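You will see chain A twice below: alongside chain B first, and alongside chain C after that.
Here is the complex of A and B:
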């Protein structure tokens, strides 16, 4: 099943038969005080710089979130999307829990965006899915509902199925729904990782939809998060994860994804792996200064 | 060192390291030696949880370590609570807490519950997705010193204001201190919605709560109970 996302000039295909798609997570003011302050004033220089840096580090798409307290989120989201589109052709993932912000973002975007996100909550589905349809976008469906997040994989599967069905009722094809099986931190529940992986396998085998998740969640509250994040992605990819919202600026994450693509047969003759290796070497020698 | 002193030190150490079976066994041993339940609570368990909180705040301790320390303490509390209740002692303070309506994030809120219980508060945890009416009911029923609202999303933060308005309508606004927290929340936002305080993490929330009930010594039942407990502990120590 292929999910095609696009900007004005570039297409990205998410599929189990293709290399993994990294959705850069950095353009998000939550927990980033300086970025939040600048965005609130309408200064988008850091947003642009983050977009460029993430794409250079291997992001195929960029998540854009403008969730700042006491600010005009729809307007800021639109400004951030425009800023990103000025400097890169990576398709975007429009990220907000405010429906008006999603609507403003979708209206401003030229291309096929990914909407982040809808849940299986009745009200959310009925408000967000019509927007997704209207703008011909794709959508992330999070496998939780009004009652919270189930720790039973079969129940999350049932919610995924409900979202896909409701999307179909609104005229959104199955391949334009990317399921988020929900990754939670193993710091709070030792079984959280296992439950997420079991859910992924079920969704892959029963539904076949593409899947994404907030991959950095798994390590919340733990030391050395990069290593935990980098270990999670390969096992998740093997369980059916086809894209993830994560930070490509972390070398462990970037390398983990590239190596997994190689091992899973999505990097013919290791050309991407070798190219990435050379790029890192060139960067290192550039940093070390000119040869004596 | 007397066995009593050893037991306090060992309970402190084992709670800090989250060794639940050891903490339970030591608590039982302490009781067979006729140690005062309040002594065990205030001289061993609470100081240990406070140390856990300090280390967490400094970044030396991580979330799982807090959770297992709390579990170890809970094991002892199950034994001690009924005994303490028999003596008629009051908790340090009462705290009603919940994640606001529309929000199902609970890690931060749960850490607050752990730290507050660890500090001797009686905590009424309303869980996640808590509508304003439920907060109002809980404040009415439990008459807490503090009510805490947690929100993890910019979309659910406005519920702070809705909750405060609901309390106002019910005539309860001035009867309770309102604390708010959660990932996207700022000091500025807390002021904006009319909350009384904001804390960036569980440890700080607990410290502020303790300060608050302490500040009202004389009026606060909790502070009195704490004083009584300390006096009792002194007495025990003198006897020992």
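Here is the complex of A and C:
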């Protein structure tokens, strides 16, 4: 099942038969005071720089979030989307919990965006899915509802099914719903990783939809998070994860994805792996300065 | 299914329900000229040091190989086993392609060893399995035969089944056969990783035996091998690999196994992960010298 996203000039295909798609997570003011302050004043230079850096580091798409308290989020989200589109042709993932911001972002975007996100909550589905349909976008469906997040994989599967069904009722094809099976921290619950992986396997086998997740959630509260994240991604990819909102600027994450593509048969003769390695070496040499 | 190995004073249990078992691979003269020269002269200081270092780095068992051309391999293997047992209580994996060396090693070893290895070749099975039975050992069964290594997972499964059946004919219980589904390099064949993982899944589902493999084979011929190996281990563990002959002295490998144990629910409240992280930090501080 292929999900095709696009900017004005570029297409990205998310599919179990293709290399993993990295959705850069950096353009998000949550926990980034300087970025938040600049965005709030309408200054988008850092947004542009983050877009360029993430694409250079291997992001295929860019998540854009403008969730700043007491700010005009719809206007800021539109400004951020426009800034990103000035400097890169990576398709975007429009990220907001405010429906009006999603609507403004979708109206401003020229291309087929990914909407982040809808849950199986009745009110959210009824407000967001019509927007997704109207703008011909795709949407991330999170496998939780009004009652919270179930720790039973079959229940998360049922919620994924409900979102897909409701999307179909609104005229959105199944391939335009990317399911988030929900990754939670293993520090709080030793079974959290297994539950997420079991959910992924169920969704892969029963529904076949593409899947994304906030992969770095698994390591929340732990030391050496990059290593935990880098171990989670290969397993999740094997279980059916086809894209993730994550940070390609972290070398462990970028390399973990490339190594997994290689191991899962999506990098013939290791061409991408070898090229990425050479690029890293060249960058290190450049930083070290000319040889004596 | 539990495989229990033991030294004189310590037991190690290999099981899908327990933390992953690392079998240290360093005591092997192949490609190690200095070690080979010393072993050939009967000097086992480096063998002892390698045993101590690997156990300190997290090895639960130690593979011992004394395959040196033109040397008395049975005698050297016995000497190496004795040297290892002087300095650690980690159970051993007796590694030789020469049946007489396996026999000498098994006779000298006090405990329940793992024999590395038997294949599905008729002659090998008929010579090695009686030895395994006689000494009450366990054995690694490699899923290849006289015709070579099949690239069809179902054929590897059939060979695993044949070894298990033949072992049973010799009175060796199923739980004392650890299957090696065979890992090959993805640089030569882009499907090699998937074939190995599919074989693991089949063996896990159809037979339930413990599995080991030479995990670093997957990265042969590639740059940045530790990262590829570190990505392979989590996926393989998820697919059913319960132990591996590998090098715990490589931080990526050691951390990859610990992170995977954590993600797969074998490290409650991340106790092991946090302890290992603190130990690494303490070691780094010690190396850096006293703070100014």
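Following the convention adopted for this analysis, the second predicted complex is superposed on the first by the 292 of 292 C-alpha atoms of A that agree within 3 Å, B and C clash if a C-alpha of one lies under 4 Å from a C-alpha of the other, contacts with A are read in each partner's own complex, and residues count from 1 in each chain.
What we mean here is this: contacts are C-beta pairs under 8 Å (C-beta built on N, C-alpha and C of every residue); 3 or more make two chains touch, one makes a residue touch a chain.
Keep in mind it's a predicted model, so treat the numbers as computed, not measured.
Looking at the shared chain after the overlay, A:289 reaches neither chain B nor chain C. When the two complexes are overlaid on their common chain A, residue A:194 makes contact with chain C while staying clear of chain B.
More residues of chain A lie in contact with C than with the other chain of the pair chain B and chain C. When the two structures are aligned on the shared chain, A:69 is found in touch with chain B, with no touch to chain C. Of the two partner chains, chain B is the only one that A:220 touches; chain C does not reach it. By the touch criterion stated above, A:148 is placed in contact with chain B alone, chain C being left untouched.
The intersection of chain A residues touching chain B with those touching chain C, taken from the two complexes, comprises 187, 222-223. On the side of chain A, the complex with chain B involves touching residues 30-31, 67-70, 73, 97-98, 144, 146, 148-149, 185, 187-188, 220-223.
Those residues of chain C lying in contact with chain A across their complex are 186-187, 190-191, 193-194, 197, 218, 222-224, 227-228, 230-235, 237-239, 255-256, 259-260, 262-265, 267-270, 273-274, 277-278.
Across the interface of their complex, chain A is touched by residues 62-64, 67, 104, 107, 110, 128-129, 153-157, 183-186, 188-189, 192 of chain B.
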